[in-house]
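The structures considered in this document are given below.
What follows is chain A paired twice: with chain B in the first complex and chain C in the second.
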Partner chain A sequence: MKETISRNLRIKKTLKHNLQTYSFLLPNLILFTACSLYPVVWTLKYVFYQYGGYGTGKPIFVGIANLARVFRDKVYWESVLHTFTYGFGKVLIIIPLAFFLAFLLNQQKRGNGVTQSIMFLPTIMSSAVMGLVFYLLFNAYNGEVNKYLLESGIISRPVNWLGKDHAMKTLILTAVWGGVGNYMVYFIAGIQQISEDAIESARIDGAGKLQTIWYIIVPMLGPILKIIMMLAITSAFNDITNVMVLTEGGPNNATMVMSLYGYRYFFPISAAEATVPQYGYGAAVSVVSAAIAGVVTVIYLKVSKKLDDIY
Partner chain B sequence: MRLRRIGAITLAALMAAGTLAGCSGKTATTETTNAQTTAAAETTAAASDTKAASGEKTVINIWSKDRHDASYVQEKVDQYNKTNTDNIQVNYQLYTDNYVQAIDMAVQSGELPDIMVQQDQMFDKYVNEGQWANLYDFMDEDMKTYFKDVIFPGYNELDEKLYFIPTTGTTCRLFYNKEIFERAGIAEPPKTLEEMVADSKLITSKLSGEGIYGFAENMKSASSGLQRSLMVGLQRETGLVNGYDFVKGEYDFTPWAESLKLWKELLSEDSAFPGCESLDIDPLRTQFAAGKIGMYMSYSHAEPGVYQNQFPMDSDKWDCVPIPTVGGKTNGKQYFSGTGGYVINAKSPNLEKAFKVYKDIFTNEDYLVGYYEGGYGVSILPSVIAKAKPSADFQNKKWLLISDIDALLPKPPHSAFASGMVVEGEDMYKTCESIYYGDADPDAALKDLTDRYNKAYQDAIKNNTGYEIKIPGYDPQNPKLQ
Partner chain C sequence: MTEAYAQNKKMKKVHLSDKARAALISKWVFLGIMIVFTLYPVIYTVLGSVKTNAELTQGGGFFPSVWHFENYYKAFIQADFTKYTLNSVVVSISVTILAVTTTSLAGFAMARKDFAGKKILLALYMSMMFVSLGSVTLYPIYELLRALKINKTIFALVIALTGGQATNVFLVMGFTKGIPKELDEAAIIDGCSIYGVYSRIILPLSKPILAVVALFSFRNAWNDYITSLIMTISIPKLQTLTVAVVQLKYSVNSAAEWHIMLAGASIAIIPILIVYMFSNKQFIAGLTAGAVKG
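On to the complex of A and B.
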């Protein structure tokens, strides 16, 4: 009898405790369901349908036809390749550059604070504005870059920076400029966490500046470097605003990245774009793209475990 | 302790309510609005009078996609807002980018404006949903008589219902800088595509040192650039409408090969303006106005207004001619499209007032004459043409006007049921892009394009998402709408 009462009291207590917990969780749960779970389920559903959007008739069930089409779609796989070129190009430049800047600007020198703020500014600037600024700098006919190069005699004819041969490099440069300040701040935070004692003892042991950086600072930045790399890779896979403003994925898909490729099936890009929405195929492209990004992330996490070990 | 728990639960409940309110606020508002609008729709003129008597103005919203005439329309709207005695307030809004998407979202959320500029894609998409009002329901006999010349069965009149009234027309022409032609020693504008390539190369070779080049087109978006240029020339050259043969009822893109080979030359480094690949139409126009571009192709209704208001350019310096074709071949007409048309939201709670606003502002003869005289569009209304004194551009440049090389063309399957016909792979515009940038063999790519479009068309018929389109006895020189 006593045990039953005690059990009932425990259940009551647990229920009360749970009620309180779930009451706090409820708003987040609702938001998560509405803003994350529902769109994912919606996308997964339409992978199996042919649907042109509202006002275009009922969706038609087509089984795995959309997925099969993704695997036949040469342009899509080219866009995957471009995504990797863009992503690795960006990461390869932005990480060392951000680290270099962080190392330089972390020192207690006059003007470093202001320079840090200036370097960080592009991060808070709208990507669309950034794309537009870079268009004004790099367009072939009256861009500032060509103007300078022509005036200084380095080139004799305008270089088509947004043409087939150079557009991807220009996009990578834009992405580096836009993101370097952000990663620099992470690196500064990481460097400031490193104990002065470790650096000082390395110096006492006779380590030079470069040796201190390579053997002490870089390994001790392992955990933050892991996060920075992770952020750089995932953001590179999702970058579309830059591409949209600067090239719209052209010329002739030379800068088409997989997220923009999927996007254009949901929202045909320009006002005169003749392509009509294909939600089903767009959903299939998005799902395959997400899977690719997932695989890359898993591979990276496995590789990056080594960084933890170093630390 | 107990009090704290109660407090915590209450707080959580409030947060949840707040969140839900945030999520459902729109629905609630929409529902309220719907309730109000339904009520409003059901009430008679007396109710409207009550509303007016209470001093509350009826708001009529108008959406437009056109930047070139925005200042003129805004001026007329402001004038109307000041002078109308019906207690109506008109709000005029511009959606120049993604107009169709904006309409889609508005339809879905039930927030479609009362009046909208007609555009083919949005019109076709919702005409069968009963979204557009039948103007005949509101027009009196005088109005019907006044506009009888611009009522085209199969175009704006479907099943004896009139959905919009085009008051101006547009087609595409080759615009050229006369001064640059003179400086390069070219006596007259090109009549064939071969001449055009030669002229462009000549201009570039002689004047590129001054930053002047022979040819440009807004190729950032292949469809936007080609719809106003290559496609139009091909309609006249091949007699097919965007690759569709209305007699055979099938697609055939293979006759495009010759034109595309010449376009490859036209866009080569020794001919084209640097950076065409990433050029939008407005930056192109600024460079044309600055005298840096010899030729480009665009819409006849828009350019005079652009060079008069947006990017001023001396009218004597430019002119236009028909788009050149391979060897000057003309096996058919090129499309002309009615512009200046507005559709009215059939589900508007203020339908009658919306029509009144439309009639008072946009079908008013002063407005139409001013529109033509202002260079915002080429009138296709006989009474307006008779009364108006259009700008020098329209008096002196005969090819700005709709002429006998232009006609209303029937819609091929990919336009007639765009969402129902899913073409696998790149569309016709992107395929052309891959050819003129030298990434694809013209003959092989066009054969593949033909096969893919025909397959998509046949699949659409099979799946009942499309239907067969054939016009027996179709004559490309005298096209008839189905």
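On to the complex of A and C.
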């Protein structure tokens, strides 16, 4: 009798404890369910359906037809290729540049703090608004970039920076502008974790600046460099706003990246475009794209682990 | 001998500082180029916002010949930017408040409490940090909000912009774990309930990390384009600044409105620039807090 009471009491107590705890979790849990969990489940479900959206009739189950279509879709695989070009272009420029800036700016010297703040500035500004500004700057006929290049005699005719030959390079350049400060800060945090003693003793042993970078700083940065590279790669796969505003994936899909390609089956890319949404197919495109990004990340982790073993 | 030594030392010093000076000069030449590269688009935007359209499109000087502040008047009054600015302010502040309160509460519970389903919940949050389907998830969110009949209100935008917050919950959780547990226990002995422990002990002590969450939530909400675009697609009067500015690109006479576009762009970036001027150290420190500890 007495035991049952104490057991009931204990159950009551854990129940109360759980209720109390969940009252803390609930506000975030609602948001998490609505904005993170539900959309993913929804997307995974509609991969297998043909669906035109609200008010267009019931979704039709089509099995793996959408996925099969993704694998046959030439434009999609071109967009995957563009994503790789964009991603590797961005990472290959931004990582060494950010590292070099961090190397120059990591010490507490006059001017370094201000320069850090300036280099970090683009990361706090809207990539959409700045995309519009770059659209004006790189305009073929009236843009300031061409104006300066013509005046200084570097080019003799206006270059169509947003045309099919140069659009990708322009896009990468603006992405570097927007991101380099971010990675610089990561690198500074990494360099400051390396003990001054190691650098100092290398210097006493007669290592020059470049030798210090190559033999001391880079190897000791190893673990954090791995994280920074991974952040850079995964974020490059997700970039969409800057592409959408600057080039809209054009001209003629020359800068169409996979994130934007999936988006286009849900929403119009620009106000000038009228698309008929295909949610099922868009869902399939997005899931395949996420899988590609996942595979790249896994390969990257494997390769960087292999490199660890060699060193 | 001592004289010779001193002289030798002096010479060596001069020699070294020559080399050091060369290094210093090349360092600042490089940094100067990077600074110009970084600041030029920003300065172009701000200066361009007070130029005439002809000056912008037909080649004028770097500085405006006459400072046309009436561009701002045109943007605010004729292009309705007063409304969009107000929307941006309301939305960004609401998102910031919602993000800070919800992540603070959830971070506390996850750091300090054992509860039924904790492992599953943590795994779900963790997995959502890595699964990235991109902007297409805005469609189901929109449909959900439509089913709840709030898709035509500003709440829809605030909710969609706040999002799941998984990363921030982990950030706050990690920080809370660093606060000594003895403080909680002492408070409980002194008669505090779980709510008291949270509001009197944890909340005041986790201010630094909540400031980071606030700063980044505000920045993301203020700068966001795609979420705001989609959530206001059927209600243009709720558009935020970034959406309104970018839409100018598609307006009928956009070729004649570069000055208005740049005035709009300036209205969108100047507030965040001011925030940054006063808090750039926190921004930079916050970024590494998120990257290293999160």
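For this structure, a couple of remarks:
FYI, the second predicted complex is superposed on the first by the 271 of 311 C-alpha atoms of A that agree within 3 Å, B and C clash if a C-alpha of one lies under 4 Å from a C-alpha of the other, contacts with A are read in each partner's own complex, and residues count from 1 in each chain.
Heads up, the rule we're going with is that contacts are C-beta pairs under 8 Å (C-beta built on N, C-alpha and C of every residue); 3 or more make two chains touch, one makes a residue touch a chain.
Quick caveat, the model's predicted, so the values are computed rather than measured.
After superposition on chain A, the partners chain B and chain C collide with one another. Shared-chain residue A:M229: touches no atom of chain B or chain C.
In the superposition on chain A, A:G250 makes contact with chain B only, while chain C stays out of contact range. In the superposition on chain A, A:L136 makes contact with chain C only, not with chain B. Of the two partner chains placed around the shared chain by superposition, neither chain B nor chain C is touched by A:I292. Contacts of A:V185 after superposition: chain C is touched, whereas chain B is not reached. Within the superposed three-chain model, A:N160 lies in touch with chain B and out of touch with chain C [touch as defined at top].
With both complexes placed on chain A, chain A has more residues touched by C than by the other of chain B and chain C. In the superposed model, A:D73 makes contact with chain B only, not with chain C.
With both structures placed on the common chain, the touch criterion links A:L149 to neither chain B nor chain C. Of the two partner chains placed around the shared chain by superposition, chain B is the only one that A:V276 touches, whereas chain C remains out of contact.
Overlap of the chain B and chain C contact sets on chain A: residues 20, 24, 27, 31, 34, 54, 135, 142, 267, 270-272. Touching chain C in their complex are the following residues of chain A: 17-18, 20-22, 24-25, 27-29, 31-32, 34-40, 42-43, 54, 101, 104-105, 111, 115-122, 124-137, 142, 144, 147, 177, 181-182, 185-186, 189, 209, 227, 231, 234, 237-238, 240-241, 244-245, 259, 262-263, 265-267, 270-272, 279, 282-283, 286-287, 289-290, 293-294. By the touch criterion given at the top, residues 5, 8-9, 12-13, 15-16, 18-20, 23, 65, 96-101, 104, 107-108, 121, 125-126, 129, 131, 208, 211, 219-224, 227, 273-275, 277-278, 283, 287, 292, 418-420, 422, 424-430, 433-434, 437, 439, 463, 465 of chain B touch chain A in their complex. Chain C meets chain A in the complex at residues 23, 27-28, 30-31, 34-35, 37-39, 41-42, 44-45, 48, 56-59, 98, 101-103, 105-106, 108-110, 113, 115-116, 121, 124-125, 128, 130-141, 143-144, 146, 159-160, 162-166, 169, 194, 198, 219, 222-226, 230, 233, 242, 245-250, 258, 261-262, 265, 268-269, 272-273, 275-276, 280, 283-284, 287-288, 291-292. In the complex of the two chains, the chain A residues touching chain B come out as 16, 19-20, 23-24, 26-27, 30-31, 34, 50, 52-57, 60, 69, 72-75, 135, 139-142, 157-158, 160, 162-164, 167, 246-248, 250-253, 267-278, 281.
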